[in-house]
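Two complexes, one shared chain (subunit A), two partners (subunit B, subunit C).
Then we have the complex of A and B:
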């Protein structure tokens, strides 16, 4: 190919404009704001040095966001892995209706978080069929006002949404495994548990790794369901980073302080994902899966 | 591992059972939107049906809490369509440059796209809002469209797909005197229909269900998207779950129809993305 400098830049120009206006400028502006006490309205503001950061680290909402993200991950990732693995195990290689299943299981991914929150709110409302049923057994749970169940409910809604999408990835993973491997193993008298750990898992690992990374990424960006159902409560039990930043910036109008929180959130997110990714790669290598 | 005939029947039974569980929330939403108001959220399958929730939604119900649901639907269509169209055009253009053009700085742009794609976007929320506000765009369609006029994910997907298209097609078209825009529009994009469907569906769906951004840049009732309006009505319509389910149907059914309409191409396109 010969060099096409001019047209190359012309075609890439939408990205350049976008990167300057909606990435570089906001990034610098955000850092600038994080050192001020600006309140989103007043024309006057003062520099506070690192005070916003110190204040943020001490704030229960920020501390909660840090831990809630990991708690959420601990609930959501196993839930979504188990459910998408179950779906993929059942539907891979089916001779008929596989298309119907792939499309059907994907439908929850289309749901707005607002709608799924509304449905769950209805399903869990005080006199819902579900709660009345539980009451027969003397079980009475105020789902969204109990810290642990509120977190689990939000995790379950998001697991519901992503199951079909991840099952699609895992199904493709299962189907890429050569059937001959299993036949050869059967001849060698391999037990079912050996077959899973020594053959299926290593060969499925690339797909599983993708799903793990994607689901961990999702854990850092929860907003809609929490905003709709709990507002971050009860007592910060579901207070995600997005929720905390939204409250500080657009409810309390503390734009300067919220910018500092956003910077902390970004650094924590970036570092966590990087570290988890490295750990997963090491885990895969140590077991000889990669 | 298809297994015996008996095993296969068993797997079909489980698969259908799982499918029903997974789509149950949608069924629950639709049933409750038609349920008699005494039965909303009280029965798993309502026995008395009525259109009252829909009538109430569109006629405005009791004075004071009427809301422009149809206008909101219309707003969602405008914003999602414009935003998705822009994301696809810009995505294909930039990807074409990255995959099929050789120019100084290409690797730098490629790396910048990847870096930005994995960068936590939350840090940009407040200043992006300020940029929109200072540009005098607060409470406009442009405010909802412009910051979402480009998708790095779309660039990434298209770049990978375009790279797999042999250069000979492009060289041949160049010899025939075709411009780069013509090559992209007449040769490369028609070869990319399946991936275009995947990119379109993901982008449109994501845009249609956006909450946070559309919520902070718009204030007037007449500008709200359907998703934001539904979100705002959780409180005021708290005592009217029936109409809330009807509004949810209004929000959800179009996107499902769109998806089912393109499902064949979607399956083909996903084959590529999952490789």
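Then we have the complex of A and C:
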């Protein structure tokens, strides 16, 4: 038994080492820094107790990051679930070339966030063909400078990026549903609505649960698109946790303070995902899906 | 069993050592046993400047065989500033680097990461040989030291679409606030869909944007009065409010567009914009139809109607060389010798100008014969050369990011959106800046 353990540890050691060097050590270091006023450069820094944390919770950027994350979640999660479900349904219904179409939808996931953001920036600019066309109908939208539209634009880009990836998971979920169940239901005369709510959704629930949790997790890590498109504005309307941490650490050189914000962000993220996960499990159990 | 345990430990240690070795970049500088000193120079992360510095290093080494200059590009992960911070924190900073603005230098100096250049022998000779005793005055930091050797100074100018101005009946580029507002009225009367100033950054609080709108106007309106000195807010209220009032008046004339737009000046959507000399190389490639004095002209920032009309000040987008505190005495000396070599010969500044089109920070740029042929060939760069002595570099406070963000958040951004009146915006900005300076 001991021999088996030793070999196991040996094989696991490269990853463990990687995790220690790149996750555990930085995490402990970050926790330590969050109590100091270190600015990344100075050899001298002082212990500040909980001052960084107190300052952070009072800061409008941090307060905005907290609420903006949930606003993003409210926009992004339904967007990506509906779009990936639609794609998965279409692909599931295809007689041939399912793999090929799935790859096609998966490609945006591999696209650079910088590139897609710049394309969208050009597309939504005041003098773009799209906006000139809209102005012909008297529609004038300041896409990236209006809080709601800026938030929706960023959510839409990320939804576009993740749709193919989640559709892949959901397609696998659809494919795993035994056709016999539908045939039996058809013999029993179930309506399309009953078929969806009583058969498809319960049997798809494990895949849907995975996608929901993954998409909620994504809402806490948005950075590139916001950095490229809005810089966190207008007036903090798209200021995410990552954006705030980046600004404090690398623009304002407040590594200690940024570490405190990062710790707060981690706690909020962990607690939120845990609560939402529990609620989803309860929802599944209440309906007898798990 | 013990052997196996030892082997596992050895393997783990080897992997750890390899992984950690991979993280290190090393300083690469120092003095070898044969008396040679090697200095590491980080060049700006663009190929043009790297080529220039590699050539300079080669020339220098020919005359100074005891000093080796290793030129390598500065990394941008995620920004060049961040890579310098990481290098300092990781104790792998180079001997010297270029591409440092005054604000970032203030952050580094406050953390004792830079050497005061005025304390190294050869500094005064360098200033004299390069003819930059006037230009360097505005670079003095609040502790009376000089931490940066400015390489170039881009006095920021405003570009005007003179072709569109002519079409609307304005024959000369507006020089005062009233003249700009008058041009705005004429523009809107003929082309209601066009704007005077089409610039999304006016509504963006990001600190660096303020160099290219607020500070250009403030420096001109205040006659180059400082904004912050050390930890003291010393800005001239009247000049600041005038500059903000000008923005507000222009907004009221529907002359400002802050929506995202693609190349608004080049496409004629806007007829007024801040222009740096770097724009022209980009235009040569992408907008060859943009011709100096045909469809665009260059002017100093507009000033209040009662302000003086000559020697107008403007913001200087300028960067320079610093020597890091981690450098040894020998390395510091060698670095100063290298700078003296490069800047004692105007031909090398000319080479810099030809390669980068960025005006060397010298007092005699528009009068020295060495540069005459260049400016005759590139007349659009001449106004920049003439404005070098009146250009004001950025504030030297380590918190310049936070401070300039307040200018945007409390004054410029809400004013261009019509959300606050200029005086109130100025006072709120002033309050926020003073509180920040107290921290």
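Some notes on this structure:
The definition used in the following text is that the second predicted complex is superposed on the first by the 279 of 290 C-alpha atoms of A that agree within 3 Å, B and C clash if a C-alpha of one lies under 4 Å from a C-alpha of the other, contacts with A are read in each partner's own complex, and residues count from 1 in each chain.
To be clear about the criterion, contacts are C-beta pairs under 8 Å (C-beta built on N, C-alpha and C of every residue); 3 or more make two chains touch, one makes a residue touch a chain.
What you are looking at is a predicted structure, and each value in this text was computed from that prediction instead of being measured.
Annotation: superposed three-chain arrangement on subunit A; subunit B versus subunit C shows a clash. By the document's definition of touching, both partners, subunit B and subunit C, reach A:122. Counting the residues of subunit A that each partner touches, subunit B and subunit C differ, and the larger count belongs to B. Applying the stated contact rule after C-alpha superposition, one finds that A:107 touches subunit B and leaves subunit C untouched. In the superposition on chain A, no contact is made by A:283 with either subunit B or subunit C.
Contacts of A:67 after superposition: neither subunit B nor subunit C is touched. In the superposition on chain A, contact is made by A:242 with subunit B only, not with subunit C. Of the two partner chains placed around the shared chain by superposition, subunit C is the only one that A:42 touches, whereas subunit B remains out of contact. When both complexes are overlaid on chain A, the residue A:26 reaches subunit B alone and has no touch with subunit C. By the touch criterion defined above, A:144 reaches subunit C but does not reach subunit B. Contact with subunit C, but none with subunit B, is seen for A:233 once the two complexes are overlaid on the shared chain.
Taken together, the two structures place residues 6, 9, 14, 18, 21, 121-122, 125, 127-128, 246, 250 of subunit A in contact with subunit B in one case and with subunit C in the other. Residues of subunit A that touch subunit B in their complex: 1-9, 11-12, 14-16, 18-19, 21-23, 25-27, 29-30, 33, 86-87, 90-91, 93-95, 97, 99, 101-116, 118-123, 125, 127-129, 132, 160, 163-164, 168-169, 172, 179, 182, 220-221, 223-224, 227-228, 241-242, 245-246, 249-250, 255, 258-259, 262-263, 265-266, 269-270, 273. Listing the residues of subunit A that touch subunit C in their complex gives 6, 9-10, 13-14, 17-18, 21, 39-44, 121-122, 124-128, 142-145, 231, 233-235, 246, 250-253.
Taken in their complex, subunit B has these residues touching subunit A: 1-2, 8, 11-12, 14-15, 18-19, 22-23, 25-26, 28-29, 32, 40-44, 90, 93-94, 96-98, 100-106, 109, 112-113, 116, 118-120, 122-131, 147, 149-150, 155, 167, 180, 205, 208-209, 211-212, 216, 227, 230-231, 234, 241, 244-245, 248, 251-252, 255-256, 259-260, 263, 266-267, 270-271, 274-275.
Those residues of subunit C that touch subunit A in the complex are listed here as 4-5, 8, 11-12, 15-16, 19-20, 78-79, 81-82, 85-86, 88-89, 107-108, 110-113, 198, 200, 203-207, 257-262, 264, 267, 269, 398-399, 401-402, 409, 413.
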